[in-house]
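There are structures below to look over.
Both of the next two complexes hold chain A, though its partner changes from chain B to chain C.
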Partner chain A sequence: MKLKMNDKYNVLNFYSVPRKLIRNTNKHMFILLYLALTLFPFIWALSTSFKPQSEIFALPPTYVPKGFTFENYYRILIVGEFWRYALNSIFIASTSVLISLLVSLFVGYATSRYKFIGKEFIMFFMLGGMAIGRFANVIPLYFFSTRVGLFDTYFIIILSSSALVVPLLSWLMQGYFRSIPYELDEAAKIDGCKSWDIFWKILLPSMKPAIVAGAVIATVNAWNEFILAMTLTRSPHLRVLPVAINFFKTELGVQWGELTAASIFATLPIVIFVIPLQRYFIQGLTSGTLGSS
Partner chain B sequence: MLKRHKRNSQAYLWMLPAFVIVSFSTVYPLIFSIDYSLWQSKRFTKISFNWFNNYITLFQDSRFWDSLARTLYFAALGVIITTVLGFILALLLREGTRTNTIYRTIILIPWVTNEIAFSLMWAWVLNPQTSPLYYLSTQYGLILPNFLNDPKYALTTLAIINGLRAVGFSLVMMLAAFAMIPKEIEQAAEVDGCYGLKNIWHIYIPMIKPVGMIVIIVLTISYFNIIGLVLFITGGGPIRSTELLSVRLYREGFTYFNISLASTMTTIVLSINLVLAWIYKRMMNAETPY
Partner chain C sequence: MKERRYALIIVLIVLVLSSMVPVFSGGQQEPVQEEKEIELLTFFTPDGTGTRQVGFKKIVDKFTEETGIKVRYTVVPWNQVNTQLILSELSGNSPDISFVEGEKFALHMAEDTLRPLTSYIKRDMSSSDIEDHLNWNFGVHSDGEKYVFPISYLAMALFIRTDLLEAKGLSVPATWDELIAVAKAINTPTTPGLMFPASPAQATQLNWFQPIVENFGGKIIGEDGRAIFNSPGGVKAFQLLRSAIHDHKITPVDAGSITYDEVTDMFAAGRIGMIFEGSHRYLTIASRLGKDKITLAPIPGKDKSSPSPTTVVGWTLGIPRGSKHPEEAWEFIKYFNRTENALEYAKISGEIPFLKSVSEDKFFVEDASEHIEFFVDYINKHGISIASPATAEELVVTLAEAIQRVVLEPSTDIQVILDAAVKEYNQMVGLD
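Then we have the complex of A and B:
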């Protein structure tokens, strides 16, 4: 872009051709090097997960598995009951997404449509919620959940992972609601709509992009929840995927074939889910964090 | 004429559910931790009111200061890596061409991968016995240290791994910031003979600084509170060289059930987090689109 502009004014514009070429090759070199560095662990894990036990420790290491096998996946999914943990992850993620979307849509509506005392404070409070790290919650929530009998239930995991994403989503929703003109509300009010109806019938349909964006972010958040899910549950049948991987490692010793298969199995669904929706993911991330839409 | 903001009290009803849920993960832990930090306790049973003795004990404990220093180092190194790489990549990928879009997508992958799976893959690729990395380097006569098992390198390695995970996030933010730079400014710079590195110093860095600062503060908060990655890969070892505040806190809480001490540490961490959040809020207010 810049060089194209430059060409118009530059008398020696034949210089710019090789310069551009060099710059472009440098750029691709840099990016490909970066990708090689960061993606190599993924590729290596993928390759290991299809290897039979004997090949995993072979030297020199093989990149494409020679004795290609699905054995590790079979042992993880069927024998290790990872299918059950995957269902847990799906259930917890979807419930937590629904709850956090709904309550943060309410927040966005209230803060963009009403003036009330303590609004600034509440928004700071929400931001504080974004800053409260997961691990600072671990002991208090453990205590709380054992006291009120919520320890070792789906409910407590859903609640705690929603709590951590609601602040971000609230900022996101507030930004989007502000971009919807007040005239819409006013017209509906003249027609005698209550604010509850305005919210559901008039505003929600125009919030679709924000809802998708929020849903993607909340899904990623819930799917990856680890420390709270681990400390707030004990029963094996309540484990989510990351927790299951951790227990697999500690209980059965480091079985790299199975472990890599498990981590690929836990990673692929979310990657496949996010890639087609990445535009929304990015929008949600930026507007939620930067506080503008 | 209709008033835009009419029934104020109704707003509180709309806010209520979120307020309850968020309080549960902010107000409750804060009160709980402050409360327990002032008591001497056995597991969750309070024994005697201790005033600030837990804090005094903790501040006299060199292990606490060591772990705080490690946490700061871990967070600072990670933030630098993530921000700098995000900036460079955004600079290279800011035009929305087809290849750039593909690159951007791939760079996002580690960011959506879960912490545990991501940690496991890195632990496996840094395993000296089997990794092609070690195999190839010995072939070229280079002996690599055992990154995760050598106390000299473990913390730095973890900080780098963790820093690489969030590059997708900082890239996305930086791209949003780049998109906000008006075309006229770049064109004016060109007319004035500003190219390449000069451009970066005089135009891009000042222009994306507000967003850059927000990215830095968000990452600082997040890295300051990392636990899963460290717990899973090294568990604080070798010889405590990767014992961050979070790892220590977890151990005190769940291995030794030393709730008073853990609560004291939680209170300190929460206070630091709230200060960072306050800075963040101020930056968000200051940030204005151009």
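Then we have the complex of A and C:
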């Protein structure tokens, strides 16, 4: 006998309701636990950033600052030069995003739509380069930049952070391009479109989720750039936020108040940028993955 | 046509981005003025508000005023100074003058990053200038050449909470037994009697642990550079740390995962009874805790007559091999070494002076600077050089990991842990 799930007399329904409830409760509990674990350090940093020095290490710890103060924010934004560092980070991140998106779109288009010798090798070679990691790249980049006269310039940070993210974005773009039916290209060709027009007018508008996903990845990558920015620049006027934050770890100890205030200040723009794009980001990643599989 | 238009747009974007480079860079721009200028690699910022930075800036400004030589700061984080100096020297991008960490002196000798200064010294310094230095041999290499001049000295001591001591009517501990007794008396669940950082995450253990090892008759490294802290004396020193946690319960087991900065912060917040701490952090701690709540004492010893020694380190000034203006850089070092300037810097910075004439100045025997008086006296009587081979970084990490294992694995034989650590280090640096 076949039982229907929506049958009110069905014995399965009687058990399935609490089972579903338990499953949902477990799921929500897990999400809540995960949220608590991931958000706690952020909330703690936020709370610390509004505490006076004397309260930061008080025992028992205060979760809501008793001596609520804007002193730490005043020191980094008014006395310090964090606006300048934020502008540097914005400039480097936005330029890096533009460059890496442009390059990776071309790479993705070429490798998904054209057949040429060594295509697979190039793609895996790029991917292999990612496995080396940025720490191993620092010293060669340092010597390269000093030899070609790019040391201590914005250009070297933009170039290096773009170069490090292009392989990942190229794979993402290639996957997404593949998910777009080739018939679209053929129809456009019949209508007289050339490759350039097919790319800009037909395919690119369909690539929105992948472009957003790529932009988010490239922005986060460039925004959080630390080791390259610290090694390849020296001048204070070229400092980016992560490097500037590192200066709060002094030989005389860590300046926790300023450090947490600066960290919150540096995190907010990226949160504001990513949240509205969340939907496209997930769509871009998943569609690309499915397309390439 | 459209293809051309798009190609033109891309070329324009590239051109605009390229044109931004010189506008937004600046690091490569040559100074227009013909005034003399030297580049200083440092972790002091010119607009810094810390006492050391203010003091240093004052000397720099006076130097520029008197000599016409400008000093351009290149600021990197303090723990990056040595790396940046070596990198810039290797790439032919050297600063004219640089801070050099005293503990990394052997590393710079191995990397050949610094110029010998003996010829300048012979030319410009008198024998009385040399004799005025508290420790002239600081910065002298085995080739007999002097390469660096100290800015100040840094020594370790036992920092004790005066108020806790007075509340229990206790006196300052001078021996290990007394230290344990005092720590037990002031120990509470929220305020450990004694705390030390055993986490290798911030490896500074040589500074405070080498004195303890030496007090027990051990050594960190031998004459040939091999690690030898697994000697009977070394084992006793490690045993002291383990027993503080597991036998006497005066130190929480958290010590195994706590860093130097965290210990300082906890002490400054009034949450620890006693710590081993450096002179350079005295003023920072005092500003948070209050001078009246800090008592300084030599690191205890086996008996009252022989306290543990104190490691003497410090930041120094050296001239890199690739310096483009070595004469001007030497002028600055010479200027900083003048008694009146060294005195002014020491007064403002609150650091231990490097000249005898400065340390004997009445300012440092007044109450306001009694911590300087204490440290100068301690250094003079019991100062030792810190173990600083070219592989000091590897040595301190190995030592830190051994300390961590000793305190976190109470059932493992200390000798076994130390033998393994010593073997690992000696093999790592090619001495085994």
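The rule is simple: the second predicted complex is superposed on the first by the 233 of 293 C-alpha atoms of A that agree within 3 Å, B and C clash if a C-alpha of one lies under 4 Å from a C-alpha of the other, contacts with A are read in each partner's own complex, and residues count from 1 in each chain.
Quick note on the criterion: a contact is a pair of C-beta atoms (placed from the backbone, for glycine too) under 8 Å apart; a residue touches a chain by one contact, two chains touch by 3 or more.
In this text, all values refer to a predicted model and were calculated from it rather than measured experimentally.
Superposition model on chain A: chain B and chain C are shown in a clashing arrangement. Of the two partner chains, both chain B and chain C are touched by A:143. Contacts of A:38 after superposition: chain B is touched, whereas chain C is not reached.
After overlaying the two complexes on the shared chain, residue contacts for A:256 are found with chain B and with chain C alike. After overlaying the two complexes on the shared chain, residue contacts for A:246 are found with chain B and with chain C alike.
When the two structures are aligned on the shared chain, A:235 is found in touch with chain C, with no touch to chain B.
When the two complexes are superposed, the chain touching more residues of chain A, out of chain B and chain C, is B.
Look at A:59: by the touch rule set out above, it reaches both chain B and chain C. In the superposition on chain A, A:95 makes contact with chain C only, not with chain B. In the superposed model, A:191 makes contact with neither chain B nor chain C. After the shared chain A is superposed, the part of chain B among 20-28, 164-172, 200-208 or 254-262 that runs into chain C is 254-262, by C-alpha clashes.
Once both structures are placed on chain A, chain A residues 56-57, 59, 99, 102, 139, 142-143, 231, 246, 249, 256 are touched by chain B and, in the other complex, by chain C.
On the chain C side of its complex with chain A, the touching residues are 2-3, 6, 10, 13, 17, 20-21, 24-28, 43, 45, 50, 74-80, 84, 87, 90-93, 190, 261, 264-266, 268-269, 271, 280-281, 284, 288.
Those residues of chain B that touch chain A in the complex are listed here as 2, 4-5, 7-12, 14-15, 17-19, 21-22, 24-26, 28-29, 32-33, 44, 85, 88-89, 92-93, 95, 103, 105-110, 112-118, 120-122, 124-125, 127, 129-133, 135, 164, 167, 169, 172-173, 175-176, 186-187, 190, 195, 211, 214, 218, 221-222, 224-225, 227-228, 231-232, 246, 249-250, 253-254, 259, 262-263, 266, 269-270, 273-274, 276-278, 280-281, 284, 287, 289. If you check the complex, the residues on chain A that touch chain C are 53-54, 56-59, 91, 95, 98-99, 102, 139, 142-143, 146-147, 149, 151-155, 194, 196-197, 200, 230-231, 233-238, 246-247, 249-254, 256. Those residues of chain A lying in contact with chain B across their complex are 1-2, 5-6, 27, 30-31, 34-35, 37-42, 44-45, 48, 56-57, 59-61, 63, 99-100, 102-104, 106-107, 109-111, 113-117, 119, 122, 124-144, 159-160, 162-164, 166-167, 170, 182, 186, 189-190, 195, 220, 223-224, 226-227, 231, 241-242, 245-246, 249, 256, 259-260, 262-264, 266-267, 270-271, 274-275, 278, 281-282, 285-286, 289-292.
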